[in-house]
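Note that chain A is present in both complexes that follow, paired respectively with chain B and with chain C.
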Partner chain A sequence: MKMRNIFLLVISSIMLVSGCAKKRDANERVLNLVSPAEIKGFDPIQADDLYSGREISKIYEGLLQYHWLKIPYELIPNLAEAMPEVSKDGLTYTFKILKGVKFQDDAAFPGGKGREIEASDFVYSVKRLADAKTVSTGWWVLDGKIKGLNEWRDRNAKLPTTNYDEDVVGLKAVDKYTLQFTLAKINPQFIYSLAMPFTYVVAKEVVAKYGKEFINHPVGTGPYSLPSFDQSKQITYTKNPTFREKFYPKEASPQLQHLLGDAGKKLPLVDKIVVHIIKEDQPRWLKFNKGEVDITGIPKDNFATAIKDNKLSEELVKKGIVLEITPGLDVTYTAFNMENKLFHNKKLRQAMYAAFDNKKDNALFYNNTAFPAQSVIPPGVSGNDPKYINPFKGPNLDLAKKLLAEAGYPGGVGLPELKYDIPDSTTSRQGGEFFQKQMDQIGVKIKIVTSPWPEFQAKVKKKAVEIYGLAWMADYPDAENFLQLFYGPNKSPGANGSNYDNPEFNKQFEDAVSMQDSPARTAKYEKLNKFLAEEVVSLFGLHRQSYTLEQGWLKNYHNSDFSHDYVQYLNIDNAKKAELLKNF
Partner chain B sequence: MNIYSYVLRRLLYTIPVLLGVCLIIFVLFNLVAPDPAFILLGKHATQIQIDQLHHELGLDRSFIVQYFDIVKSSFTFDFGYSWATKQNIYEMIKNGAGPSLSITGPLFIISNIVAISLALLVAFYRGKLIDKVMLIVSIGGMSIPSLAVVLFGQYYFGYKLGWFEISGYERGFPGFVPYVILPVILYTFISFGADTRFYRTVILDEVYQDYVRTARSKGLNEMVIMFKHVLKNSMIPILTNIIIQIPTLILGLLFAESFFSIPGLGSMTINAINNSDFPVIKAMTILSALGFMLFGIITDVAYTMVDPRMRLK
Partner chain C sequence: MQSNVKQSPSLFKSALSRIVSDKLSLIALIVVGIYFFVAFLVSIGVLAADWGKEVAASYAEPSSLVWFGADIFGRSVFVKVIKATETAVMLGIVVSMISMFIGAGLGMLAGFFGGLVDEIIVWFYTTVSSIPGIMLLVAIAFILGKGTTSVFLSLGLTSWVGLCRIIRAEVMKHKDREYVQAANALGASNSRKLLKHILPNVSHLLIINFTQTFDSAIKAEVILSFLGLSVVGRPSWGGMIDDAKLELGRGVWWQLGAATMAMFFIVLAFNVLGDALRDALDPKLKGK
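Coming up: the complex of A and B.
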């Protein structure tokens, strides 16, 4: 009897404690998001991964942003009053910045009250990104672009402390609200960098106060605030009480007209955001299915039960869940290391491409959800010609065998065994075995080499690989970001992991990227894209699509490749949530 | 030997061991592991940036200076900043220790109480039905992969029945309580089989001793015999098994923390390995080595307390 009482006491205590911990305000609009990766911290200059970029964008802001409801993507002013005035020679960009925008309140400011942002804050933030001592992962976005900035960086790298007071010719605060960039050479892609988290504005005094701990004390101008970050698995943001007057857009592209329900309302729309960091697929999926998370991707192992005939399963439809399919701006590819002379044989590359069954690859690894890639530029980016078909794309075994014979290796005779490097995950191993089988059909022997992810990356950067598979996601919606993967000066350890270096291609590329957006530039991009396709510089695989599920009570969501600051537009219908949760 | 002299001598022995651990860490990470710059600088790294990063991280200094850096940090516990998250490692460990202990602490206590109690029970009823049933359950618990237990438990008890939180964590008491119940229950099941079988064997060795027969012939209650006499005399191997678990409590449960999204030291270590975050890996390796050495000493001292026949030499 006594034991039973103790047992009942323990159980009721646990229930009581659990109950206390779960009390929530019923009227509060809370957005529950999930991140499948750890957040590295809240320093904009270190935001080199998608997930950290999304968190940072809840608190910090930049001069420009992508319009939430426009497709194709369109840059609009954010902390700038208007789009920049560009000089006739295309080298000088002058911005007027918004007046009255304040940094969030923090102890770093006098009296703990956030001060107004000024043009000099942007100058400081850009210099901080360029400072070699901060070891930013985002320096590449400005490397060689702003006049005098590289020289400033190199000079200060040799000094014990960086001199932020030293002027940079191409980076000026003309007055309190006027900011001017002068470029080293014409670079129309420069403007995209001003919408990326790397260039978000930070306050000098906050960086000075927290020093190395700045990464844990985010103080921006954005819609949400977070007192401090402690590498927790749950990040809770609350509305920034000093956020400026910013409103939900009143215009939308035709396909996004249905998201205009909150048009003209003051942003942000939800009171609180809880981001759950869940790295494993199952708990993420179960939490969504229990209604505890508002948006999720579909884990590979749950795809077949969630999606039937490209439609949402009945069980999920009953719960009010909505499926959104969006083409992603990316490409998967199998790269050759061109430093290996064997791969200078174009016919060999073409033969291998013709032997590879892209359709099976799509079925096995992407549940038939991706589009075949004819070259490197994905659909939706200028330079992709939707009518173009790569003549060497497989499966075409007869062509593959013919090309292999012309390459000097009939039936693979005389060709050494080729090493195919993969990271040591199950899916990569399956992908490696599939590639091995495909090549075996024409007599090309493949040896699979597995390495842990850091070692795999190091091998690519050190040019210590022969063939390897990779995917590239766009940093901004310009073909330059894809074509640069084969630009000679970007060879490893740069982004050109194929180490392809063709002087003619390099020259054409340089010409194209210095042109302003125009039909002539699109034509040049298309030409370069076809050139890479027929050169078969890589075995271009697929352009993947993103399958996203959202709860029925979530409003205004759509998938965007670049709008890291999307949460300010999202809304929660609490009444609908209460109703729909009955079906869970 | 005086207990204080013994402890002092053992503590002095840890110094050469620690120097050896530092050497192994240095060789593994400086000479064998891939260059962390490739991971830390991301997809657009240039050779100039890599060289600048090497300089900032001190990787361009001589090997001897780098080795002594590791030695220094292992004695001062100043492990510096994480390369991947740029956070102070001392703070990271401080923040991670609580969540790790909130799972491993209750798990340690509950699983050991359950395992020892069940071992006493099955030893007492050796050869009877309950012993056979427990044998099957224990072997089952040992044979089922822990991943399967976690996947099933999370799905069935967390999602289907909705009894527990599926994953997540809230800092502070009582916030964390709902999140640790399910992992503690599942890991008690995962660990009890092997522990129960081990403790049963240890206890059975004692049950057939002469003093047990004498106690019975004196008419002592079976409960008193089992708990007061048999358990006390079985304590040496039990104690060894229990104390050796303590350093791992602090290090957290690598797999469980990742699956249940517990922000503990286990998941921190896994992230550090994936990101080639050498300072964090170094800190955790040194702390583990120290933990094992320290608890080795505690085990030896504890022996003399439970068994007066034991002498420290």
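Coming up: the complex of A and C.
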């Protein structure tokens, strides 16, 4: 009798628990996303890769952001009350900070309650980015731009501890809610840096409490929170209960009018976000096809079955899946680490470029959906000359062999085996083998070295690579963001992972970026772009298009190059999801 | 001095004749022989030297021109399988050798000397075996960096514990036998007793273990490939199966089929041969 009672009790409690769980699931709006690479962590000043940037933007915020529904991209205030007041000489930017915005609750604050953000928090966050001891990967965005900041950095680099109380002329909290930047010289791109994850606001107390573990304890002002990060294969964010009153935009560009359904609603719209870290294409694809992921790209090997004549296959249409094709502002490239004197040999670089068959690369890895890159600036950004053809772009084996001989290595004789670093997914390995094969045609021997994404990035930052394959996606719609990849002072750990440093290029670059947007500046950008192309500072590959698939129950999504904080605008139609899932 | 005592055939000779007389074992021996011979021909450049050559369109289907179809770069999958045989056989041999050297070496020392030496070695292999094999493998591969050598070493360094245990126990048994005591009485040194007297008497275990380690090394390489830690820049069966996990999405099954088939035969042959060798070499089973 007793045993029976216990048994019944167990059964009924299981039913109760599962019943409760089901009920909660039905009402909760959960967004399921994937990240194709591991996340390095949640420190904004280290957010130099797209994948980390996207995760950090769920929790942290900056002064500015991109309007979710405006194309061409438009900067709007986020933690600022309004766009800055800019002085007549174009050097001083004054921001009013939003009042009443609070950091998320955390044990680092008195009583565990997040406090209100102040102008001084932004001063601290910018100084933290500039601090040489934090070895930030984002210092390049402010290097030389804010008056007195470089001097502060250099001075403090020599001291045992950085003095954050020391004033910087160009970086002031005028009062609790007023923040002022004074630039060292005119720099039209400065404003963009305030919408990048590197300059997101962090709290001094939190950094002090967690020290080195700060990277795993994100505490921001953003729409979602994550108590701690543990490098697992799944990251689950929940709504930040103290998030301010922020609303879905009521205006949209003509092509995005259909995304105004939730206009005026309080953000964020979904209750929970689950990010699955899935490095390999196939599991990602299968998960999407089972309806367990809401947005995905199309793996190269599934492209032919998913897309027919640039349209979605019938099978996917039946499931309610939607296709969106958008040209991405990006470039793929194979970079040389110029710290290695071997690569100072321009003819060698040119020979390798001429040997590389870009068309085949496009066919094998991108199903012929990408555009060949002649240099670094992608189409759609001023500075790209659509008529320009790079004379060294392959495949041209005769030219490649001739150039290699002129470089001093006829038939590759005398040239040591070169290490080619790539991330460790199967597609990357195949890409590596393709490169190896291409170079083998002219006798250049390549050894492939694979590493997980964070380790691969760390190697680039430490200059511990010879040649490596990468893609750069625009942080903001200005050619400067691409040209700076080869600007000497941006060497590793900055964005210039090639460590290319040419005084003439540096000077011309500095001149161009201090100009306001004008035909004269575009002409300068074009000249610099061609210079990099013919110097073959990198083997520029392709400008990719993004083919994105969205589940039919996902609302408000569109491809955006810059809105890393897009998740707050997304919504899930649970009723439609239940309906559509019957077709899966 | 002449003797009319008929000398009995050596253990290995009789083992060989037993294997040859058994059909299944003989086939297994021939299969293994073929793989080794192919690997040898590949290594001297007679076979599959042009494995990197494009012979058909990307992902061309199997046909009379390309027997097992083509891979992403239009290379013949058949030739790749042949080339990968060299990698597999080399991997099997090197890994088995490393494992044999460490396992037998430590096992003999532990079993022969006992006491503190034994305790230290037992502690060491217990510790190594308590770490999940795959984790240890990944950790070693990370430390040594990627590449063929590190795959060889990491597999070798993680597969010696079983042999070490067996050899230790066997040596413990043998060290008190009469022939060792006789050697002792004649004043033989420890190294002489170990290498000249005991080792030949436990060597059959090494051979049996060799066949087991050989095929587990080939299988482990596939797992490493899946984890992105394997041989790059030259074909391997693991690498081909890793490629296939993407290609199956577009209906390309031939890399998976070819690599699995090649693996299947050698692993099966080694298993059969290992079994036959155990039956033939184990003195306890002699004459049965």
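Rule of thumb we're sticking to: the second predicted complex is superposed on the first by the 372 of 584 C-alpha atoms of A that agree within 3 Å, B and C clash if a C-alpha of one lies under 4 Å from a C-alpha of the other, contacts with A are read in each partner's own complex, and residues count from 1 in each chain.
Keep this in mind: a contact is a pair of C-beta atoms (placed from the backbone, for glycine too) under 8 Å apart; a residue touches a chain by one contact, two chains touch by 3 or more.
Computed from a predicted model, the values in this text were never measured in an experiment.
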item: More chain A residues in contact [chain B versus chain C]; value: B
item: Chain B versus chain C as contact partner of A:282, first or second or both or neither; value: both
item: Partner chain in contact with A:221 - chain B first, chain C second, else both or neither; value: neither
item: Touched partner set for A:304, first chain B, second chain C, both or neither; value: second
item: Which of chain B and chain C A:481 touches, first, second, both or neither; value: neither
item: Touched partner set for A:231, first chain B, second chain C, both or neither; value: first
item: Touching partner for A:125 - first (chain B), second (chain C), both, neither; value: neither
item: Overlap of the chain B and chain C footprints on chain A, listed as residue numbers; value: 280, 282
item: Interface residues, chain A side, partner chain B - complex; value: 14, 17-18, 20-22, 38, 40-41, 43, 46, 48-49, 132-133, 135, 137, 139-140, 143, 157, 212-213, 215-216, 230-234, 276-280, 282-283, 286-287, 289-290, 292, 453-455, 457-462, 493-495
item: Touching residues on chain A, where the partner in the complex is chain C; value: 280-282, 285, 299-302, 304-305, 363-364, 424-427, 429-430, 432-434, 436-437, 440, 446-452
item: Chain A-touching residues of chain B, taken from the complex the two chains share; value: 33-36, 38-47, 49-50, 52-53, 56, 81, 84-88, 91-92, 95-96, 151, 154-155, 158-159, 162, 166-171, 174-175, 177-178, 181, 258-263, 267-268, 271, 274-276
item: Footprint of chain A on chain C - complex, ascending; value: 52, 58, 72-73, 145-147, 228-229, 232-233, 239, 242-243, 245-250, 252
